[in-house]
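In what comes next, subunit A is part of two complexes: it sits with subunit B in the first one and with subunit C in the second one.
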Partner chain A sequence: MTIAAHPHAAKPLRKRIADASEPYLYSAPALILIITVMLVPLVLGISYAFRDIQLLNPFSGGFIGLDHFRTLSEDQAFFRALRNTLWWTGASVFLQFFFGLILALLLDKPFAGRGLAQALVFLPWAVPSFLAGLNWAWLFNPVIGPLPHWMYALGIMDAPNNILSDPHLAMWGPIVANVWWGIPFFAITLLAALQAIPRDLYEAASIDGAGPVQRFLSITLPFLAPTIAITILLRTVWISNFADLIVVMTNGGPADRTQIVASYIFTQAFKRLDFGYASAIALVLLVLLLAYSMLIVVLRQTLLNKG
Partner chain B sequence: MRTSKLLLTVAHRLAILAYIVVALFPLFWLLKVSVTPNDLLYSEGVRMWPSRATFEHYTFVIAHSAFPTFFKNSLIVAGSTAIAVTILASLAGYALSRFNFRAKYWIVALMLITQMFPLVMLVAPIFKMLSPLGLTNSLTGLVIVYTAFNVPFATFLMQSFFDGIPKDLEEAAMIDGATQFIAFRQIILPLTLPGIAATLGFVFTAAWSELLFALMLISGNDAATFPVGLLTFVSKFSVDFGQMMAAGILALIPACLFFLLIQRYLVQGLTAGAVKG
Partner chain C sequence: MASIDIQSIRKSFGTFPVLHGVDLTIRDGEFIVLVGPSGCGKSTLLRMIAGLEGVTSGDIRIDGKRVNDLAPKDRDIAMVFQSYALYPHMSVADNMSYSLRLRRTAKEKIASAVGNAASKLGLDPLLERRPRALSGGQRQRVAMGRAIVRQPKAFLFDEPLSNLDARLREQMRAEIKKLHADLRATSIYVTHDQIEAMTLADRIVAMHAGVVQQVGTPLDLYDRPANLFVAGFIGSPGMNFFEGLYVVSGEKAELRLANGTVLPVGKRAGIESGSVATLGIRPEHVTLNDQGALEADVDLIEPTGFGIIMHVTLHDGPLKIFTLDRSMLNPGPKVRVDLPLERLHLFGSDGNRVD
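Then we have the complex of A and B:
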């Protein structure tokens, strides 16, 4: 076949059309599925926010304009969920990142048994989230779990109670579970970025007399910065939407103290079957997340322009 | 100088050890309670290992509860999802890796968007869409939903694996007269087997763990997946800790197996991606 050497020169029209459509044929099945199962429901969900849709009420379904948003603006539970989301996301992301970075730095050094150690410390990541939630709920349960007794023995708590039923402490339960579960993700990503740093840079710096702290600040950190920024941005969005642990461990209680916006949406849809109101909250959450992402992009742009 | 180096090494190993202990302790406790006989559970509260171990909770869970059904349902759902996603993502990832076409930018943008918005937004509309089709309370419905959710990420993953394979290989085959699809199937796919295994593992674990959509879409015991079954069990028989934890350990096995298979590959794959930029 000589024409294969000049693919675009001497092909008949039918062959050219077939060639042009080839990438579309490869990607069509995935695209069709994504559009019907994700994009169409997204648009439908946005429309639900302006309609009265309750699953068990056959007379619902009418267009009600901004009514849901008016209710929402007076919904104290929603504003509490919003504050809880900030707290939940901020504490989880910070602690996951902090411990994940330390773990990545520890694993970046070669030592005997590193492969095994790595497999063991990354294991929580493989634990299904519902099981991680149940597992930690059991650990916090004074009847079968050791944690309340240990905290009591250390004097952190006045009595070996379940922190999940204490309105002031309950949020720490899902946060601890989330940190345990999420450290490996940060560690894996940061470790990959660490291993991509050229080793000779460190050698050159050592020869020039730079100490470990100096090497960390002037080589490691600048190299990691882009990975850190993008990972934290993505994880923040992801964790603020991550309701599994809360639904499993506290179901938003006690007294809505651990309800975050994502679990509040789920409760409205799953327990009250009020799809319209759930979609209205979801739309507000979407707008907030978009605003957050835009803010980060703008911030990054201004910082880049300055530098 | 040498003692300070030794101290540093000791501190390093101790820190690693601390991480390992924290990572494994909750799972160890799960195992410990699952083998503690009921009469010792309360009297030996915080002991590290019961004075007498038993497998009675496991035999009960396997022989007298609905957990084998949940386990089977979860295997079917996670397995089918993993296979379906890997096929769709290989095709789409190949298109993104090897072709330059007009809609490529839009396809990437669409897939990125699906990664950004909260999936919990879709709980209500997907329920409304699937219910008239008879796909609520059905494993097929779950497979369709999970497949769609996992395809975008898997496509990017597969694309990065294809990018790592030189183009000359299929070009040589096509000069010999093969169509691009044959070259893809017979030359490129076999070379991507590690990538395919990683994708299968990722998706299987994700589908095995999914909770919220399963809770929303499944109501009876017959089609319940493991998370739904376990949560119903917890709220119904919340005193039978031994049995619940035995069930939990069983749910952990497939996810951990897949993880151990792919974990070594995880950092390597990401490193390759990071080196490429």
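Then we have the complex of A and C:
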């Protein structure tokens, strides 16, 4: 009877250890993989931010505490890059979303050749960003591209100049390229969300007396809201990290007017070869984006709970 | 409230015709049920009245006014959908008041209209909930409430009870009937369920393959079906049919089946002797009788609790009998039956009723 009342006492120690570690052993392969592939580089990168690491200086590598961040707080180029990032990300995301939504709404209506149109719309997504950047750089180049001449003919510009070399307009070059390249992402995801809206809701609303605008506001928009929130979150993070087009088209110039934080990090790390400072900037960007993501996730959760 | 007048309405999807010239006049306050099997065009007809489908040719008039080219919102009708089509992000009260808010009705008016409708349908405690927090029956009520707050000219129902379980369907059926008795609003109700059609309708419109087969009161359709389709569609279990030659001899007439059986039928004026005809009799009208004229082999007994459905073979042909006689649960291998003359329906070779 005593044995039956205390079954655990009867188990040998090795068996108890095996039982206790069982769940950890099952999850170990996945955990080890995640730690080696994600956490180790992350921690290493963060540690660089507090060390003096310059590839060309063999005596560098020592721990310097918050020195990089002190330099960073007085680095005017960094603050300009931060402002440029806001502009670049805001304009790109807004225009991509705006045109993507219009495209999705158009593709949601049946018309002859819709299948072909859908396939064509998604084509820019398949173009490598490097190629897209080169193409647009050429399009803006008055020697070989038609765009400056068209804009001149339309009276938008005083002379057929390259906007990529104009400090006040240069940022619009990569933004236009980015919008062209990123519209399909919004079009695809919003179209999928649109097609999930039950059609009889629109019919009920039209019988209830809603016109096209009211139907859009009271049915389409509430149904799309969670998708809009999550896609804008994703795109904002991607685009603010996305330096390819800028590096290819303007390389941050003229006079740092198109330098965003991501391209500034790239310049610091791979041109100046100052990995320590680059890591410090990257860490600041990481913190900013994390804060932003948390904000959007909370927003989306409240939207979903309400809906 | 209004009358609805439908004149030679046709509808084709592409080159595929689904309605072949429907004429129908619905009086003010009448409850009309469109009934028929899937694909007969009844839902299409309803959606054309609502304005959700275009009209290929013909005219629809509501209250004397031609509405063919009016948008749904300008027709002043309300519709209850099979899926209820409630706005999921709006509360019950907002769902019900949406149409009034769109028409910029005064706040107090909206509140009283929603309050009235809610108390009529027992929705008062649910007004602040969202549709997803409601049961199927409650959603159904909200859909009805959304229709009645507006006091439209006509109510359109598109199979509104199909998504409910049998018990709830019975209950909602009675409520719809009560509501109609209360509001006396012109209503058009689409269903494939003949019980709903029989119980609710002032008049039934039986449709098949895009053509109206018969329009009449429920008992008209039951007692005097206009053709083979209506005869077979209305009634459960379905009517028995025998095909044969109609032959007149003196004052009597009979139907000679292919297997040689001779069934006496009353003499009819609308059919010539020697022509092909189909005889119909409802299972509940076949009488079981020890001295019956016909002998049948018993194949199967289906007790329904209320009565018994007997499947028997009468001279090589199947026959269904519905009886309330419980002794028929164990009838033995053979029974004798009569087919009373006054209960027989006769249909000519074109399928139409002959009297």
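For this structure, a couple of remarks:
Criterion: the second predicted complex is superposed on the first by the 257 of 307 C-alpha atoms of A that agree within 3 Å, B and C clash if a C-alpha of one lies under 4 Å from a C-alpha of the other, contacts with A are read in each partner's own complex, and residues count from 1 in each chain.
FYI, a residue touches a chain if its C-beta (ideal position, glycine included) is under 8 Å from a C-beta of that chain, and two chains touch if they have at least 3 such contacts.
Quick caveat: nothing in here was measured; it's all calculated off a predicted structure.
Bringing the complexes onto one copy of subunit A puts subunit B beside subunit C with no clash. Legend: residue contacts after superposition of the two complexes on their common chain; A:38 is shown touching subunit B, with no touch to subunit C. Of the two partner chains placed around the shared chain by superposition, neither subunit B nor subunit C is touched by A:59. When subunit A is checked against subunit B and against subunit C, the one touching more of its residues turns out to be B.
Within the superposed three-chain model, A:106 lies in touch with subunit B and out of touch with subunit C [touch as defined at top].
Of the two partner chains placed by superposition, only subunit C is touched by A:201; subunit B is not. Between subunit B and subunit C, the shortest distance over C-alpha atoms in the superposed arrangement works out to 7 Å. No residue of subunit A lies at the contact with subunit B in one complex and also at the contact with subunit C in the other. Contact residues on subunit A toward subunit C in their complex (touch as defined above): 198, 200-201, 203-211, 214, 218-219, 222-223, 306-307. Subunit A meets subunit B in the complex at residues 1, 4-5, 20, 22-24, 26-27, 29-31, 33-42, 44-45, 48, 53, 55, 102-103, 106-107, 109, 111, 115, 117-132, 134-136, 138-139, 143-146, 149-150, 180, 183-184, 188-189, 191-193, 195-196, 227, 237, 241, 243-244, 247-248, 262, 265-266, 269-270, 275, 278-279, 282-283, 285-286, 289, 293.
Against subunit A, in their complex, subunit C makes its touches with residues 50-52, 71-73, 77-79, 81, 83, 85, 87-90, 98-99, 102-103, 146.
Residues of subunit B that touch subunit A in their complex: 12-13, 15-16, 19-20, 22-24, 26-27, 29-30, 33, 41-42, 45-46, 88-89, 91-92, 94-96, 98-99, 101, 103-104, 107, 110-111, 114, 116-129, 144-145, 147-149, 151-152, 155, 174-175, 177, 180-181, 205, 208-209, 211-212, 215-216, 226-227, 230-231, 234, 241, 244-245, 248, 251-252, 255-256, 258-260, 263-264, 266-267, 270-271, 273-275.
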